[in-house]
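Next, two complexes with subunit A in common: one pairs it with subunit B, the other with subunit C.
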Partner chain A sequence: MAESNQAFVRTAILPPQAPPLTEKGVIKWLRENLFSGWFNTILTLAALWAIYSLIAAALPWWLNGVWNAGSLGECRTIVAERAGPDVTGACWAMVRDRWHQFMFGFYPQDQYWRPTIAFGLLFAAITPVLFSGQKRLQTLMLTGVAAFLAATLWLATVPMLPVALTIILMLALLALAQVRPAALMWFTVIYPALAFFLLWGGSFWGPAVAMAGLLVLLLAYRLLLPLTGVGIAAGAGIGLALLWWAVLDAPIAAGLAWLAPIGLEPVASDRFGGFLLALTIGVTAISFSLPMGILLALGRQSDMVLIKTLSVGFIEFIRGVPLITLLFTASLLLQYFLPPNTNFDLILRVIILVTFFAAAYIAEVIRGGLAALPRGQYEAANALGLDYWSAQRLIIMPQALKIAIPGIVSTFIGLFKDTTLVAFVGLLDPLKGITQIVRADIAWKGIYWEPYIFVGAIFFVICFGMSRYSMYLEQKLKRDHR
Partner chain B sequence: MAYAGEAPKPGFRPGMLIYDTRYRSLTIQLIVLVLFAFGVSWLINNVIVNLAAKDRTFDYGFLWNRAGYDINQTLIPYTNDSTHGRALFVGLVNTLVVAALGCFLATILGVIIGVLRLSKNWLIGRLMTVYVEVFRNIPLLLWILLSFVILTETTPSPRDFRITDDMVAAGQAPAARMFLNDSVAITNRGMNVPAPLFERSLGTAGIGEFQISLNFLAIFAVIGASAIVNRRMVRRARAIQEDTGVRPVTWWKSLALLFVPVIALLLALGFHLEYPRMTRFNFSGGIEVLHSFTALLVALVLYTAAFIAEIVRAGIQAIARGQTEAAFALGLRPGRTMSLIILPQALRVIIPPLISQYLNLTKNTSLAIAVSYMDLRGTLGGVTLNQTGKELESMLLMMLIYLTISLMISSVMNIYNSAVKLKER
Partner chain C sequence: MKKSLFFGTLAAASALAGFASADTLADIKARGELLCGVHTGLTGFGFLDANGEYQGFDVAICKAVAAAVLGDANKVRYVPTTTETRFPSLASGEIDLLSRTSTWTLSRDTDLKFDFVAVNYYDSQGFMVRKELGVSSAKELDGETICVQPGTTTELNLADFFKSNDLTYTPVNVADDSEAQRQYIAGECIAYTTDASGLAASRATLPDAENHIILPEIISKEPFGPVVRHGDNTWGDIVRWTFYALVAAEELGITSANVNEIGTSTVNPEIRRILGTEGDMGAMMGLDAEWAKRAIAANGNYGEIFAANIGESTPIGLARGLNAQWTQGGLMYAPPFR
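For the complex of A and B:
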């Protein structure tokens, strides 16, 4: 009996049928992701309604935006002429009109090229830090910086000499990125002095001689290292550098300035404002708070009771008070704590306290990273015979910092957002200081959406960029293959 | 033959202070101690010299002097004849009110957003991501200023609410209307809301200047008592269910227990609302909520909710998928899985960062300065400081108060942490 001959058994395989209409393509996606039940359907409809009402309210206002006008009243007239009497329109002409004030505050107009070059070179300086060991990305970033500088300097009126020097510098950096990328780090080291010179002006020799103090430190450390140990060599180096700064710095700088008077027109701190101020405070505080935070975190983990107590006290005190009170300390109280008649720059005072503030938070984040490291890592470093600092540098910190990256970056983002608070001690931050000036002007009285949207958008771009970079870094440093 | 095991001669050489790890830490600490003592004494000396140069003393006597300025929002009685110390308390209460309300509302909003961000609904997930990214990456100060500007510049002035006889005759409506059945009016000066009043008030009790309304105390006491009784009843119902398998019906008893006593008390006290009414130029009656308060609260809640949403999301995602699967394998339904398996574990991850967000919110209330809300910084660190010129004293006292609040919140966190810590053997 041949069963295969029975009529109802199929011998040929059927071709696969197309899935039902509701189980493929767009409809399937919609059913699964938007309408997968009555609750989800309600949520989707509510979201659609919210998006629609937002767009319906904002889009005409946005599209009717006016870019060329001298005052808010003029803007409204133009919108009324163009679209009808009851239509609202954005007045972006304000941004055009006050662009320079938002960017530079009251920085002298003919000197705008200085912060611009400093801003461009900032990215050149952080390139080797952001993309260490990635030649292609470094070259890409440096080319971008060069293009930015070329475009802005071409548009602005700039004396010939700085342009030539900038071009030479950028070409040299690009060449260096091809030949010896590791050497780019040296530019990062000298950048703070360069930026200080560009922004505040004055004699070239002030920052240059101050930088030479670091050279003294390094030289003493290198020379003493084989003779003594790490601790003594570092201590002696720091001591000599302090000596350099305290005693020799001023006369040498004055002498050099007398011999070769190179310099830029000095710009006082109270003329700084807008994003120039926010970036100056933010970038300085960020770059100093990380090393300080690491030291505080190590101090908190230390076996030495006194150092531990001091670190804990500092961290808990700073974290326990609002930043505003610290800023008021900088502006009101420092005059009590310093010797009579010392008066140093308000921006510098604010930077110091913002750095302390961020360092305390970073110390806590790094402490979390240290706590997450398995005990075995410390023991393995000890077993290899590494001393404390080598173990920290080679074994512990690379791993702890990697774990702490998200926290560190969100502290940096918080710090950058907090630079707006300097408005309360009389500095012209972009958000409150400059916006208030613009809104107090008779021409732009009554404008509020546009300045806040503009300033908010710039903050968003910078902070969002930082958080994306931290994701990239986490991905790059990932060593486990899960 | 010499044995290698012979102990080195016990002796102390000065070099051991640096090279011997047993003594090196002592040396370092000694150096640090000397430097620290030197630094502190330098600072104190500077303060003394500076105070002497300015012909000032360091004392807190000014706290008992007449303040002489008005505060526009006072939750405890205060006039400009009160002392600076009392102004400090008014400011502190204002700070704490914003902080407490802010924490409460931000938690609710943040949990909703955090859960919705994990929703399978694509659109909702994306919308919530946009919300979180926008609010996290823009300074809080902008949200405070923007809410304040919107509240003050887009709202009608009180005179737009007025109805004159001419308008009635002409059948015209006023330019602006009140909300919620004529009980809430939002003007460019503030928000007028109904005030709770008691006809047969119990009065107040307290010591000296510190008075507490007995009415509210009684209401809270009754609510607390009914909640406790209700909880005992539910627990008993559960015990019966575990013994017999039949759960007694409790929902109407719960409702009655929770609501009847409070309503009875309110009726006994003669509770009623006093609605704000338009008089000649402004609203009278009811409570006027300042826009500075509302703007600060709204901005703090929206901003902090974005951070809380991220914490909630991370907490739920931190629970291994196997936990859900195990719960399903035991036959638990999704709702029970969430409440019995996921949430208790997620809370352990969520609570510590959540409390540090509360801490941040509390410290961020000091941004009230941007909208001139009279919080602690506005009274003690603002007007009092400027009037008396006692910068050092006011600032130090203000820092101390903030520090105390912060340390109290973080000690609560530490107690909680040790309570829920995984009990490992």
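For the complex of A and C:
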């Protein structure tokens, strides 16, 4: 063929060449993402300049941080000695000196082990809720709790008996997680009473007898269930439990306390502060607002006029009022309506109203989840012959809650951060209350960023943890292939 | 409509609360502790120390009253109150006594239905500026930036002062004392104005305290005092005379060191009356004879309390000034114990 002799036709394929310098690696990425046009180039340069000036302004302050000093003045002297005059430096010595107040408020120092155990057991109690049916994760979590408690109790000075009891309890829980993980839920049920006893102290029998009220409820429900329907059995159970709490509770607790005086040194609520207070309010409000919110969401969708009206009224009223207003109501207004000289604990009042507040928001988030369910799911439940509660429990709620997870967790994160607002009613929250107290000490007066950064970092860890857990849960519950 | 109903109910409830607890002294004795409203944290006046104990100039009043009434200065339950909650807490009966740098004004005394039983600290609003500015009077601050906390009487006084002197200024709003200090150090404002006692404490903690001065002008009167509710004059009398016992003790030379023996060793009849060796002053208020002795023993006399918490030997370093005894040119003047 004539063509094959033509010099300009290539006979061999060229070996592949590396792309031009501007079209590969870092340079390509920079060109595409940061300098893709004159406008983006300007934005990139401006952003770089902003980041540089932020770091240039803040970095010396961080690098010159002082951890060992007795007062802000000493901190300044040390920074000046080390880095010369007119250089700023963080004074973390304040955190070192006062960290226990940021954690525990003014809880008696020799009793710090009590909130510590309560905090550790909190994670043991939420394990079966967070990781239901995941034996490996549950064991991991419980081991973590045991390690945390072992480490902290070893560092702190604690009487022998509580340490022994805690060790036995943790070993029992770990064993239970291997044998019957479902039974761990019972610990979750008794945890509130246990935490109350640990935190506030007093007679052991008070919370114990109050918990027995729940047993009365359960017993009545179980006994009546075959005879009557769910509604009547539950109603009678609640009625009997209320009767127990109203009439029998106090004398029985007093009698038992007289027979066997077991108890811890009582700690008044006004000693609570810092993260102990934030977690007490936050955890209680979170755990009670979810069931309450579910009931309110269902109530709002109910066909029964009274229930629907009450639910809508409650939700709209609470959502229509700022949290600060509710807190002032709790701290100032309720006192007017109570008989003189009754001392209804301020923290309890605040917890109740924060719970109401969160429940109203949760109710609306869950209503969103319910609204997102196709009508066919309700009809399918009816077609299977399930009654209302079974349908809710087995078909509707699992799906609705799954849809609502991001909203629910957002509400919880918001709620936990909102606990700092209690500073406005004179409670010692970590951000403002404790910071103000630390600053009132002449040694630390004038300190500005350090307490905020310290408290903010702890809040971030907790809120970020909640957020990551919600993503894990969404991933785990993902059943579709969108 | 909802609002008026709400406030109507509130008013009715508060009236009821007022009737129901008219005998504060009996309530306190039955309860076994005094409920005392204090500051959530103000250097020198009321704050929790590192051990979680309340300390301060205002807190000392709570201790003295508890010692007089209950016989033990530690039988106090302190209720930390904020600017917003202090007066409603007192009105609702959540506290028996408010001792929290509260300025005595006509509207608080009448409209809010409180009694300011005495003045335990005469404060005034002042200005802090840098020395290098060369300013010697607040009237030279025309057109300058001034750091001030909005929503306080300080802000109103500042506006009044500049208006009445036909001057202008630019306010730099700050949320609290620590922010004010930061802004002032950063040069965002030329002057910082607040109560002179607070200014002294702020100045003491500045990195270069010697380069700052507090201007001599007094642009407002801020008489602070313990407050009680209307409707129980006996209780008001007890607080008032407990405080005056501390003032009189300083005047007459009764100190925490000699309070136990001077009552019998002296011939001065007024000292003997105060300390209960003579007469029955305590019984006239429903207390025992040694009420004032215990009140003085709790933290010492007025001068000792001042010196221990805010006086010139403390870092705050306030001079007695208006708060000196009347014999020393101040305004502390206890009526006769007779």
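Here, the second predicted complex is superposed on the first by the 460 of 482 C-alpha atoms of A that agree within 3 Å, B and C clash if a C-alpha of one lies under 4 Å from a C-alpha of the other, contacts with A are read in each partner's own complex, and residues count from 1 in each chain.
Methods note: a residue touches a chain if its C-beta (ideal position, glycine included) is under 8 Å from a C-beta of that chain, and two chains touch if they have at least 3 such contacts.
Not measured: the values here are computed from a predicted model.
Superposition of the two structures on subunit A leads subunit B and subunit C into a clash.
By the touch criterion stated above, A:73 is placed in contact with subunit C alone, subunit B being left untouched.
Counting the residues of subunit A touched by each of subunit B and subunit C gives the higher count for B.
By the touch criterion stated above, A:333 is placed in contact with subunit B and with subunit C alike. Touch criterion met: A:325 reaches subunit B, while subunit C stays clear of it.
Residue contacts after overlaying the shared chain place A:413 against subunit B, while subunit C stays out of touching range. Residue contacts after overlaying the shared chain place A:440 against subunit C, while subunit B stays out of touching range. After superposition on chain A, the stretch of subunit C that runs into subunit B among 27-35, 45-53, 63-71 or 171-179 is 171-179. Across the superposed pair, subunit B and subunit C both touch subunit A at residues 328, 332-333, 335-337, 339-340, 423-424, 446, 448.
Residues of subunit A touching subunit C in their complex: 72-73, 76, 97-98, 101, 106, 108-109, 268, 270-271, 328, 331-333, 335-337, 339-341, 423-428, 433, 436-442, 445-448. Taken together, the subunit A residues at the contact with subunit B in this complex read 32-34, 36, 40, 43-44, 47-48, 50-51, 229, 231-232, 303-307, 310, 316-317, 319-325, 328-329, 332-333, 335-340, 413, 417-418, 420-421, 423-424, 431-432, 435, 446, 448, 452, 455-456, 459-460, 463-464, 467. On the subunit C side of its complex with subunit A, the touching residues are 10, 13-14, 17, 20-21, 27, 31, 39-44, 46-52, 77-82, 84-85, 88-89, 92-94, 176-179, 181-182, 201-202, 204-207, 314-316. By the touch criterion given at the top, residues 18-19, 25, 28-29, 32-33, 36, 43, 46-47, 49-51, 53, 116, 119-124, 127, 133-134, 136-142, 145-146, 149-150, 153, 363-364, 366-367, 369-370, 377, 381, 391-392, 395, 398-399, 402-403, 406-407 of subunit B touch subunit A in their complex.
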